[in-house]
Amino acid sequence: MDSVSIIGMISVITAGLTIAIGSIGPALAEGRAVAQALSAIAQQPDESATITRTLFVGLAMIESTAIYCFVVTMILIFANPFWDHAIAAAGG
Amino acid sequence: MDSVSIIGMISVITAGLTIAIGSIGPALAEGRAVAQALSAIAQQPDESATITRTLFVGLAMIESTAIYCFVVTMILIFANPFWDHAIAAAGG
Amino acid sequence: MDSVSIIGMISVITAGLTIAIGSIGPALAEGRAVAQALSAIAQQPDESATITRTLFVGLAMIESTAIYCFVVTMILIFANPFWDHAIAAAGG
Amino acid sequence: MDSVSIIGMISVITAGLTIAIGSIGPALAEGRAVAQALSAIAQQPDESATITRTLFVGLAMIESTAIYCFVVTMILIFANPFWDHAIAAAGG
Amino acid sequence: MDSVSIIGMISVITAGLTIAIGSIGPALAEGRAVAQALSAIAQQPDESATITRTLFVGLAMIESTAIYCFVVTMILIFANPFWDHAIAAAGG
Amino acid sequence: MDSVSIIGMISVITAGLTIAIGSIGPALAEGRAVAQALSAIAQQPDESATITRTLFVGLAMIESTAIYCFVVTMILIFANPFWDHAIAAAGG
Amino acid sequence: MDSVSIIGMISVITAGLTIAIGSIGPALAEGRAVAQALSAIAQQPDESATITRTLFVGLAMIESTAIYCFVVTMILIFANPFWDHAIAAAGG
Amino acid sequence: MDSVSIIGMISVITAGLTIAIGSIGPALAEGRAVAQALSAIAQQPDESATITRTLFVGLAMIESTAIYCFVVTMILIFANPFWDHAIAAAGG
Amino acid sequence: MDSVSIIGMISVITAGLTIAIGSIGPALAEGRAVAQALSAIAQQPDESATITRTLFVGLAMIESTAIYCFVVTMILIFANPFWDHAIAAAGG
Amino acid sequence: MDSVSIIGMISVITAGLTIAIGSIGPALAEGRAVAQALSAIAQQPDESATITRTLFVGLAMIESTAIYCFVVTMILIFANPFWDHAIAAAGG
Amino acid sequence: MDSVSIIGMISVITAGLTIAIGSIGPALAEGRAVAQALSAIAQQPDESATITRTLFVGLAMIESTAIYCFVVTMILIFANPFWDHAIAAAGG
Amino acid sequence: MDSVSIIGMISVITAGLTIAIGSIGPALAEGRAVAQALSAIAQQPDESATITRTLFVGLAMIESTAIYCFVVTMILIFANPFWDHAIAAAGG
Amino acid sequence: MDSVSIIGMISVITAGLTIAIGSIGPALAEGRAVAQALSAIAQQPDESATITRTLFVGLAMIESTAIYCFVVTMILIFANPFWDHAIAAAGG
Amino acid sequence: MDSVSIIGMISVITAGLTIAIGSIGPALAEGRAVAQALSAIAQQPDESATITRTLFVGLAMIESTAIYCFVVTMILIFANPFWDHAIAAAGG
């Protein structure tokens, strides 16, 4: 196998696994936060504004780790420096 | 094996595993959020409007991680730059 | 092994595993939501209409991740671009 | 090994594993839903009609993911396009 | 190894694993449902008829996933199209 | 290795693993059901007849999945069609 | 390696693993049932006769799955048809 | 490697693993039963005779699965028919 | 494979896995902290300012471990000293 | 590798793993029993004699499974019939 | 593969895995501590100063284990004595 | 590789793993027993003498399984009969 | 591969894994202790001095196990006797 | 690879893994004991002397299993009889 095939093959695998594995943690964490928010609203309806605001800040923090993974996945597919080098080397 | 076969083979595997693994977390998280929403409605029926609205925002956030995986799967099947390169190289 | 065998073999494996793994999460999540819905109805019978409606929306959201997997499985079996390419290349 | 053997061998393995793995999640989920339904009936006998109806809708939703797996298994055994192609190629 | 040995070997392994893995989920689920039914009867003896009837419907649903696995196992042992093809090809 | 050795070797492994793995689920499930039955009798002694009867029906259902595995094990040891074919082919 | 060595080697491994794996489930299940029986006796001493009788029936059911494994182990060591065939073939 | 080495090597591994794995389940189960017995005695001191007797019967049942494993281990070390055959064949 | 391909291939894999695995822990931990914060606000609304402030400090600490992983990932993709050395050596 | 090396190598590995794996279950079980005994003494100080006696009988039963493993380990190191045979065969 | 490639390749893998695995424990532990701190503040608002101070000392202790991992990662990337030796040896 | 290297290599691995794996169970069990002892003392200070005495007997029993592992480790490092034989054979 | 590469490669892997795996247990244990300390302060503010002091002694004990791992990691990187020997042998 | 490299390589791996794996159990166990001690002090401040003393004895017992692992690690690095033999043999 030549270098282009190897780098391409590995990039495909890694891109998929990165977002697949990386979405498990954030999804479960968001599910937990949302579930607790609903429970808190049911328990203390008068504070629903504070609860909702805190929830959204928290969800944004949690979502950030999922977005790290998505960014790395997109870099590996569309702006992969190793692939660019291999293409340039193969075409040189 | 030539380069086209390798990239194709790997793309098929990765596409399937990405959506399969990536659907576990969001599904479980949505199940937890929905279950808690039902419990909250039963506990505080008067707040069902607020609870339902918060639930839908939360489900949208959680679903987003599943959609990241689905997008990557579709890119790997139908707009795979590595595959396009391999086809072009093989046909060149 | 020639290219057609490889792509075919991998497609069969991936199709099966995708739907098998991808059905675990949604099934468990739906089981949890349904169980909680039954508990909520028993606790607050007067809200059974609201509970049932919220349950069905939630089940639809959860089922969507299972359907993502089913769609990818069907694409891999019946509309697989990599397989089509391999067949065309082998027949060319 | 020739192409027919490979595709056949892989189809057998995949067919078995798909239904075996795919039955774990739905079975556990249905067990949970049924158990909760029985608990709900014991707690609120007057709502047994509503509970039973909701249970059956939920079981149908959960069973659907098991049926996805069963359908894929049957396709892989009796209507496998990759196998048909291999047979045709070997017999051609 | 010739094609007949391979298909036979794989069919034996798959048949055994399918029913072995496939019996874990239904068995645990039935155990949970039965345990809850006994608890419900002890809690609400007057509803034992309703509870028992719902239990049996639920057990039938759960058993169905075990039966899917058993059917696939039997097909793989006694009506395996891949094995029939291999025998025919070897004897031809 | 000749075909007879392979089929024999695989049959031995599969027979053992099928009953070994297949006995875990039913045993745990029966343990749970029996434990809950004892708890229910202690809680509601007057219903011990109903509880015992429901328990035995449930145990029969759970034991059925263990028996599926035992049947497949016995078939693989004493009525294995793949082994019969290999013996016939080797002796022919 | 000749056929006799292979069948013998595999039979030894399988015999050991079958009883080793197969004793985990029944042991844990019996432990659970016995523990619950003791708890039930402490809670309702007057029903100790009924509890003990139900316990013994349940233990017999659970032990049956361990005995399935033990029987298969003994068959594999002392009445193994595959080994008998290999010995006969090697001595023929 | 000759046949004697293989059978001997495998027998050593299997003997060790059988008793090692096979002691986990019974040990945990006995620990649970003993713990519950102590709790029951503390709760109902007047029934300590009944509790102790039931405990010992239960421990004997659980210990039986450990003894199955020990018996198989001893057979594999000191009365192994496959080893006897290999020795006889090598010395013949 | 030459040195450039190896280093590139390994860097791609490691970059993806580092952020994927490294996002699981922080995401779950943030989900837990946010959920508890919402619960605390519902329980003690008057302290929401203190709770929110403590929450944000804690989230920053937890996020720091995710950022360690992201920094290492970015170093491996865009400022990898091993890759720079390999490129220089290959171009020398 | 000659037969003596193989048997020796395998005996070393198996001896270590047998006692290592075999000590997990008994240790955890004894920890549970001791912990419950302390709890029972704190709850019912007047029965400390009965509790202690039952505890020691139970610990002896649990320890017996650890001793089975220790005995097998010692046999494998100091009275290993397979090793004795290999030494005799090599020295003969 | 020459020595420089091997050391470089291994250093990349190890650097990534060290920080990835090493961030799981501290993140979860900090999440637990923060969550409990919020709960404690809600329960005893008057002690929020003591609680916050103890929390920060504890977080510093926990963060130290993550920092150990980060230090090792940085050493492996930027001050790796094995890599320095390999470069010197290759350039010598 | 010669026999001395093999036996030495295996002895090193086994010695380390035996004590590493073998210390997990006893450590956790002792932690549980100590924790429960502290709880019992807090609950029933007057019985602290009985509790402490029972705790120490229990800890000695649990520690014994760790000591089995330590003894086997020391035997494998400093009094290994297989190593002694290999040295003698190599030096003979 | 020569001896220097092997020892170096293995030392890098082991150094990273030792601190990575070795930081999981202490981090989780410290998180648990800190969380419980905060809970104890909230419950008994008057004893915060005793609690804090006991906490710090406990954290020091737990941190010691992490430091064992860190020490071994540093020895493997900067004072590795096997590496020193390999360098000396290669340079001799 | 010569004997010195093998023994050295294995010793490095084993030394690291032994202390890494061996620190998980004691760390978690100490965390549990410390946490319970803090809880006990909060519950019964008057007994803090007894609790603290019992805690320290227990921590010493638990730490002993970690020290077993540390001792074995140090022996493997600095007083390894197999390495000494290999060095002597290589230098002889």
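Each chain gets a letter, A, B, C, D, E, F, G, H, I, J, K, L, M and N, in the order it is written, and its residues are counted from 1.
Just so we're on the same page, a contact is a pair of C-beta atoms (placed from the backbone, for glycine too) under 8 Å apart; a residue touches a chain by one contact, two chains touch by 3 or more.
Here is each chain with its UniProt name: A, B, C, D, E, F, G, H, I, J, K, L, M, N = ATP synthase subunit c.
All values reported here derive from a predicted model rather than from experimental measurement.
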Distance between chain centroids, defined by C-alpha means - chain D, chain F (Å): 21
Centre distance in Å when chain K and chain L are each reduced to the mean of their C-alpha atoms: 30
Centre-to-centre distance between chain N and chain G (centres being mean Cα positions), rounded to whole Å: 38
Shared-contact residues (touching 2 or more other chains) in chain B: 1, 11, 13, 15, 17, 19-21, 24-26, 28-33, 35-37, 39, 41, 43, 55, 59, 66, 69, 73
Chain-level touch network, classified as line, ring, star, complete or other: ring
Circular arrangement of chains, read from chain D onward through chain E: D, E, F, G, H, J, L, N, M, K, I, A, B, C
Chain I residues touching chain K - in the complex, by the definition given at the top: 1, 3, 6-7, 10-11, 13-15, 17-22, 24-26, 28-33, 35-37, 39-41, 43-44, 46-47, 50-51, 54-55, 57-59, 61-62, 64-66, 68-69, 72-73, 75-76, 80-82, 85-86, 89
Residues of chain I touching chain A in the complex: 1-2, 4-5, 8-9, 11-13, 15-17, 19-21, 23-39, 41-43, 45, 48, 52, 55, 59, 63, 66, 69-70, 73, 77-78, 83, 87
